[in-house]
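Here the chain labels run A, B, C and D in written order, and each chain numbers its own residues starting at 1.
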Amino acid sequence: MTLVSIIGFVLIIVGLWGMLTQNNIIKIIIGFSIIDTGIHLLIVSIGYIKGKTAPIIDSVLLKTDAVNQVVDPIPSALVLTAIVIGLAVTALMLVYAVNLYQRKQSLDINDFEELKW
Amino acid sequence: MINGIIIVLGIIMIASAFMAIYMRSLLSSIIAAGVISLLASIIYLLLAAPDVAMTEAAIGSGLTTVVFLYAFNKVKGRGEDNHG
Amino acid sequence: MAVFGGIITFVGSIFLLLGALGIVRMPDVYNRMQAGTKATTLGILLFLAGIAIGHIECMCIFRILILILFIIFTNPISSHALARAAHHIGIPLTDKSVTDALAEDESEKEEAIS
Amino acid sequence: MVKRFLILLVLVFFVIMLLPLVSDIQPQTELNPLAKKYVKDGPDELGSANLVTSVIVTYRGLDTLGEVAVLFIATAGVGFMLRRRKGSKTNPQKKRESSEILQTGTALLTPLIFLFGIYIFLHGHLTPGGGFQGGVVIASAILLSMLSFPQSEINHKILNAIESLSGVLYLVIGILGIYLAAGFLDNRILPLGDFGRLFSAGAIPVIYSLIGLKVGSELVGILDSMQRSDS
């Protein structure tokens, strides 16, 4: 258990708590984006190796000795694409929230009770 | 040294996560959610992932906040109080 | 050379500290914004110049010049836009202020139109 | 009260489920075998100095294709939900004119930020950055000019043309890889060149520029459809 993974874990829990307790739809989406950031921190912390540098081979870092000096590039690549997708999905959710607001003039999740049993 | 910086950043991030959930004003919680992303980009830089740090700084704290603000602008109080 | 650069960097960081102090200390939004912008612009410029002088062997002086140029462009413009928006939504000035030139200017413009 | 209790129960279950996964993350001292292979063979095989780029564009190129597809579908969803109703007027409320300082500054800064975005995605195989970051920087340049000139309109035909053309070219280069090189999205259809130069690493700069244009135009599309308010 590393330091950054603890931060990511706490952010996931806090975001989930916010999503479940809040009533405002935009607050729920904010909770979702907090969970997003927490998961990204968790994934990046898996690839980190203490005391090594970024996986970019320049004049300081030689090609032959790179294996002993760089961190894992795969989690960076995964998180890079996940962040861009996160923006698009957040925008889509916000557009749905705006549409719901235009139907009922309200953002409270308890006002949308068509499917409530 | 790096551990100390990460601890301080983590405490601020968790505090702003609680602020983002429990602030009365919706605008303040949007700004607090942007702060979380900005601090996360510093942590990525400390974890030797500069590509991810660039993306998070540009998207997480820039464009996501702008998209939230556009949506907030469309739903904000028309007559009644919707700031809660 | 390294000592000289270090001194300039230290002066820059003092300006940054004073700017942060001004944000806490000043009475209203506009004063705080002015402290935050003026002091931090000078502070960052001195900080970057100190780094360029202290590490003169790394050939990064041109990049730092470009950075300085960008900060000179963007920092005052963003602060101006923020202050104008704050004035537009009606955040009041502090009691001790004497004139409100932007409000006078806008009312003059409206009179000219009507 | 019952709701609070249920929420707490859900959270406790979630923590119990997630905690073993998180506590398994130990501070590592060595790369795992897959990453070791990528780091050892990547620079000689693909000629890219930034290993993250070689993982995104070539080794995991199919994932990136799927990601671009998800981005396209999300953009299409935003555009569909916010489409302009027939007969509704465009921009009924009058917006406040921005000040002269802001307009001059925007006119100075927008080309520079644009140039910076193009620099980022052209140098994606040498320095940190790449198509996604460059596209985001271009989108923020257009956002700046959208905010300071609120009356202006974006030409949707050019935007759609850039977006679909770069998507099609990306796929065509990917399929060319099957015939001329080892597999789908292989970058060795062009000569690898000298290591560390701008024109090196085969097709990686071309592919990343196409991804940058596509991501940039899609994000501009999202921002533009969120800005136009017809309600």
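In this section, contacts are C-beta pairs under 8 Å (C-beta built on N, C-alpha and C of every residue); 3 or more make two chains touch, one makes a residue touch a chain.
Quantities reported herein were computed from a predicted structural model and do not represent experimental measurements.
Asker: Name whichever of A-D and C-D has more C-beta pairs touching across its two chains.
Answerer: A-D
Asker: Which chain has its C-alpha centroid farthest away from the centroid of subunit A?
Answerer: C
Asker: When the C-alpha atoms of subunit A and subunit C are each averaged to a single point, how far apart are the two points in Å?
Answerer: The computed centroid separation for subunit A versus subunit C comes out at 33 Å.
Asker: I'd like the Å distance between the centres of subunit A and subunit D, where a centre is the mean of that chain's Cα atoms.
Answerer: Whole-Å distance between the two chain centres: 16.
Asker: Where the CA atoms of subunit B average out and where those of subunit D average out, how many Å apart are those spots?
Answerer: 20
Asker: Counting only residues that touch at least 2 other chains, which ones in subunit D make the list?
Answerer: Within subunit D, the residues that touch at least two other chains are 50, 52, 128, 130, 132, 136, 219, 222, 226, 231.
Asker: If a residue has to touch 2 or more other chains to count, which residues of subunit B qualify?
Answerer: Only 50-51, 55, 59, 63, 67, 70-71, 74 qualify.
Asker: Would you pick out the residues of subunit A that each touch at least 2 other chains?
Answerer: Only 6, 17, 21, 45, 47-48, 54, 56, 76, 80, 83-84, 87, 91, 94-95, 98 qualify.
Asker: Which of the chains touch, listed as pairs?
Answerer: A-B, A-D, B-D, C-D
Asker: List the residues on subunit A that touch subunit B in their complex, please.
Answerer: Touch residues, subunit A against subunit B: 3-4, 6-7, 10-11, 14-15, 17-18, 21-22, 24, 26-27, 29-31, 33-34, 37, 40-41, 44-45, 47-48, 52-54, 56, 71, 75-76, 79-80, 83-84, 86-87, 90-91, 94-95, 97-98, 101, 105, 107.
Asker: Which bits of subunit D are touching subunit A when the two form their complex?
Answerer: Residues 4, 7, 10-11, 14-15, 18-19, 22-23, 25-32, 34-36, 38-40, 43-44, 49-52, 55-56, 60, 63-64, 67, 70-71, 74-75, 77-78, 81-82, 126-128, 130, 132, 136, 195-196, 215, 218-219, 222, 226, 231 of subunit D touch subunit A in their complex.
Asker: Considering the complex alone, what residue numbers of subunit B touch subunit D?
Answerer: Its residues touching subunit D are 50-51, 53-55, 58-59, 62-63, 66-67, 70-71, 73-74.
Asker: Mind pulling up the subunit D residues that touch subunit C in the complex?
Answerer: Against subunit C, subunit D makes touches at 96, 98-99, 101-102, 105, 108-109, 112.
Asker: Which subunit B residues qualify as touching subunit A in the complex?
Answerer: 3, 6-7, 10, 13-14, 17-18, 20-21, 26, 29-30, 33, 36-37, 40, 43-44, 47-52, 55-56, 59-60, 63-64, 67-68, 70-72, 74-75, 78, 82, 84
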